[in-house]
Amino acid sequence: MSFIKSNENISDSGKRAEGASGALCNVLHRFDAQEQGEEAYRIVRELYPICRSITGDGVRQSLCLLQGTAPLELREVSSGTQVFDWTVPKEWNIRDAYIKNEAGERVVDFQRCNLHVLNYSVPVRQKMSLKELKPHLFTLPETPDWIPYRTSYYRETWGFCLTQRQLESMGDGQYEVSIDSTLEPGHLTYGEYRIQGATDDEVLISCHACHPSLCNDNLSGIAIAARLAGLLKAVSLRHSYRFLWIPGTIGSITWLAMNEAILPRIRHGLVLSCVGDSGPFTYKRSRRGDAEVDRAVEHVLLHCEREFQALDFTPYGYDERQYCSPGINLPVGCFMRTPNGRYPQYHTSADDLSLVTPSSLGESLLQLLRVIQVLDENGRYFNLNPKCEPQLGRRGLYRQMGGTKDAAASEMAMLWVLNLSDGEHDLLDIAIRSGIPFAEVSRAADALKEAGLLGSAS
Amino acid sequence: MSFIKSNENISDSGKRAEGASGALCNVLHRFDAQEQGEEAYRIVRELYPICRSITGDGVRQSLCLLQGTAPLELREVSSGTQVFDWTVPKEWNIRDAYIKNEAGERVVDFQRCNLHVLNYSVPVRQKMSLKELKPHLFTLPETPDWIPYRTSYYRETWGFCLTQRQLESMGDGQYEVSIDSTLEPGHLTYGEYRIQGATDDEVLISCHACHPSLCNDNLSGIAIAARLAGLLKAVSLRHSYRFLWIPGTIGSITWLAMNEAILPRIRHGLVLSCVGDSGPFTYKRSRRGDAEVDRAVEHVLLHCEREFQALDFTPYGYDERQYCSPGINLPVGCFMRTPNGRYPQYHTSADDLSLVTPSSLGESLLQLLRVIQVLDENGRYFNLNPKCEPQLGRRGLYRQMGGTKDAAASEMAMLWVLNLSDGEHDLLDIAIRSGIPFAEVSRAADALKEAGLLGSAS
Amino acid sequence: MSFIKSNENISDSGKRAEGASGALCNVLHRFDAQEQGEEAYRIVRELYPICRSITGDGVRQSLCLLQGTAPLELREVSSGTQVFDWTVPKEWNIRDAYIKNEAGERVVDFQRCNLHVLNYSVPVRQKMSLKELKPHLFTLPETPDWIPYRTSYYRETWGFCLTQRQLESMGDGQYEVSIDSTLEPGHLTYGEYRIQGATDDEVLISCHACHPSLCNDNLSGIAIAARLAGLLKAVSLRHSYRFLWIPGTIGSITWLAMNEAILPRIRHGLVLSCVGDSGPFTYKRSRRGDAEVDRAVEHVLLHCEREFQALDFTPYGYDERQYCSPGINLPVGCFMRTPNGRYPQYHTSADDLSLVTPSSLGESLLQLLRVIQVLDENGRYFNLNPKCEPQLGRRGLYRQMGGTKDAAASEMAMLWVLNLSDGEHDLLDIAIRSGIPFAEVSRAADALKEAGLLGSAS
């Protein structure tokens, strides 16, 4: 493990040459969703057993494992650091926890599933009756085989989460309760990776990395962010890309508080969460509602040939709550499949390795790459021959035989780009208005630029 | 009866202390819709037999009876007064009217129902054949047991309204026709009551009080306005509230012509009509269409757990025609159940005491109180901790146990208020955007103000 | 034939007196759709046999025939003239063309149908095998009895269009191929007719006149434009009206390039095409999308008591492509029944005299006249009595008997005009907002102007 204290500079990989544009298009061309999905699933499986929280060694261990996929750096912020209205909490670590019955058998055992401990439980070692114990026990009576996931980060207490069946099988005797944890001054740890592009304008990709053995929420997001970083690091891009693997809420608040100077450079952003289940895509818009990233994601999903839903921003969910607080107000949306709280396994032990699939992970990554393509290739142009259509035919850009019913797709894309390139509409506008996928519109713009018919408006 | 000449000052009940905010909330908390509805119904029943018109003693008598419910004052404007493009007409009074057959029997008798006389009929005393009489007779052949309601305010004529069956039973002989009315210089009379609030900004509540024995249109509006005035007079309010009981058209024109200086203070207004039948609520928007009162009423009705309809403004209907004329253009909508002309009993003798019910009246009053609450408590605030969420948990405003599926309703309301309180959105915007009832949003704002997290934006 | 070189002045028919307003209303009143449709159909039938192209004698002959209906003038532009990015092409003329089999029989014969020749074919006279011939043959295998319509204006080649059945019956022997055409420097010819109105503000009506024996596309548009011009020339109008019968694409580009100074005067415009089939109306909006002409056509079609569709602008179709190019951007929409490419007979020999009907042509003309009425009579006014309603009754504009359920249609129109005539809404806005047909709103405005209640806002 190599730690870097927060706010040190991350070494840039150097300004990329602008000439290599189109490389992203090659990544998409070569993209094998199944293979990519399996790589992502491998990461999920590897991280699954680790007990993570908003601080502690589980986070560190997880981030180090991700370094095999993307060269992220670990950053540490001391407990007690003031971050806006919040204070970085003490660091929590746990070695073992159990409830033993009178026979000395572990009826609840942290070693079997780390969800069994109320996350951030203070240490305890005590004998008590079931009646005394009960206020510290959490179950899900309606799904009696599932362990709930519960936390108590900011009120010092302890507890156990167990299945309803476990609870019902516990007799009235005395129990030995043990949580071998520490809650002490230490650090909050997060992962960060920045790819320098041709410009300093940034795209932010953020995911919460604080949940223990829960796969869709959010090992799926963690893995996809790592794979996306891995794919983009080799590509010539216009924007710089910043990836964050952070504890939910306190992590984004900490990062925002310590990086306010960077915020004006963030042009677009996405929070990734719950991207591994097989449900249709869900996009939750940024607080602005019509930011470029909002329009880009909705355009891409409209062409993904599956149902999807786009939801207006609400101040509940993931770290978009902080990125979209009124004093920050970044254009950051949240990219998901089935949203938090909308699938039965949410925040239970049933959010396990069977809920996420390689093919869902692969498809999520593909759509994200398409969104990145829109964000990176979008631009505003001027038709340099704005009075009537230019004669595309003599430039070899238009069919010579007239009378057929429809124009070819590439011709339609060129006509649209020419018609709407008045300095007011960008390529994404044109793609949305025409119903033509962005990639086709972008290709048409390239052909027209090459023919000298289109000039940059910026 | 104590009359006040128009344009004299109405004595204010004195500026109310601002401290007592929330009192309206108490009124709503204590509100018993059935009891309130019965009180309103009692007023309707009491006013029902009186023969009202746009002028005359019937109006005076009705307004005096209302003084038992709300301390309104009677105002008088002389016949011949020029009010914009109109002239206050002569005063009409009527003592008796009938058609007698040759046997001396009253076949049509004003004493049995005041609708029998064409409202504003000039005096007549004459013998004539049925054939001569017929041009003066009005019936409803399709509902042969109902008497129509007809008026002729601005063309001097006379007539009788009767049931089709009455007409059919009239033989060919001679008839004695008598209308013992007077149409002479006098006054136009209306009722006015103003409650002084913490500010001079006014909410206008207006209803037409010119119809004779017709219950839904508009004894229901008259009674509800009186009950609303009675309830509000004891409450500490931000706005001042002005109630008008006026003759339709000429009454609002007269009031507007004589009170132009007041108009800039009128921030919101509602015309009340047809609020006693059991149909779903109808709101007709002000000419502006998106005035605060329009948004307030629609928000309240959206949460009333019944179907309702919101209609765009049209220049036909009740006195909103005048309040929303282009040179006046006040933000005044019209609050109804079934609108004018959209129920079969409209403007007939069947709009009687059986068409309106205490429970409908009570429910109408309840929704109006909720609208008043929105108008009076609405405001624009600044989140004083706008960068990321404030830590609500340490202020006791947020649950300490994490991991549950949804936030509590009160927590969601606070998150919404914090997120959208950027000086651009008022609490009503937040209620509409979040789908949370205004009262809950207002409570959340109070809690946040108390915690020092919210400051006034005005 | 009398030709005028392009850019000479067209003699105006002289400024019309403004007094005769309402004459358009008389045209509409007297309009007999069946009779008008038959007149238009007669033109279609007369022009049907002529072989038209984007240049040549077929166009000249067609335009001369139209002079019997509207006094249009023929204009000529020399081959080689530079028009924006294009060059006026050589002139094409054709006398005969055929494919003869070894027996000397014409198996494909231009004399039977001019669609048989690839339009703009260069001359050829040659013997060749079927195999050599095949690359020059075009058929429609899915509709084996129809001849396709194909062109090659800008690449010099030759070809034949024939039915699939003809092709299948051709044996393997030698064929004599002959196209007796010329492609030489000459002129591009178009028709133009301008009616001077009370102002120089223009309405442009444009149709493409370059298609050979195809009826719906676009003899229907040619004929309707001529009939419309014939009807309007006798009427007192506010706008001036300019009619163009031009070859598609190159024609509008030529006209636009040579008349840039006129463009600022064009307030509204319509391209007419495919107006003779029996499908529902289709309106394709101008690039602006909410131009007055867009709102006018949609309003008229909404009241045409038939289904219709309104489509957003796309940069494909007819000459609206050029009129709506970003550097021209005129408010020009396209008025059609079934659009190009959306009926099976499109660009085939089946677009013949049986596809268009007199009644469809008549109905198209009627709707266009109604659109013209909106454009010509629309205006913005001020209610001169804006505070409350004026007393319409004493001016004889309102019923005297009150209490009836609804206002008369004419009364409602007056109330709407009064309410919305605040200088911001024009009569078309008021018609759209109220749902009342424009003609009724316009009549109400006339009555109010006469009563001194409405003043012009411009």
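Brief remarks on what is shown
We just call them A, B and C in the order they show up, numbering each chain from 1.
Basically, a residue touches a chain if its C-beta (ideal position, glycine included) is under 8 Å from a C-beta of that chain, and two chains touch if they have at least 3 such contacts.
Bear in mind the structure is a predicted one, so any value in this text is a computation, not a measurement.
Different-residue interface: chain A and chain B share under half of the residue numbers found at their contact. Its C-alpha atoms superposed on chain C, chain A is turned by 120 degrees; the angle is given in steps of 5. In this assembly, the C-alpha centroid of chain A lies 54 Å from the C-alpha centroid of chain B.
In chain C, there is no position where the chain touches two or more neighbouring chains simultaneously. Partner chain C is touched in their complex by these residues of chain B: 84-86, 119, 148-155, 249, 252-253, 256-257, 287, 312, 314-316, 321-322, 324-328, 341, 346-347.
Touching chain C in their complex are the following residues of chain A: 383, 385-391, 393-394, 400-407, 412, 415-416, 418-422, 433-434.
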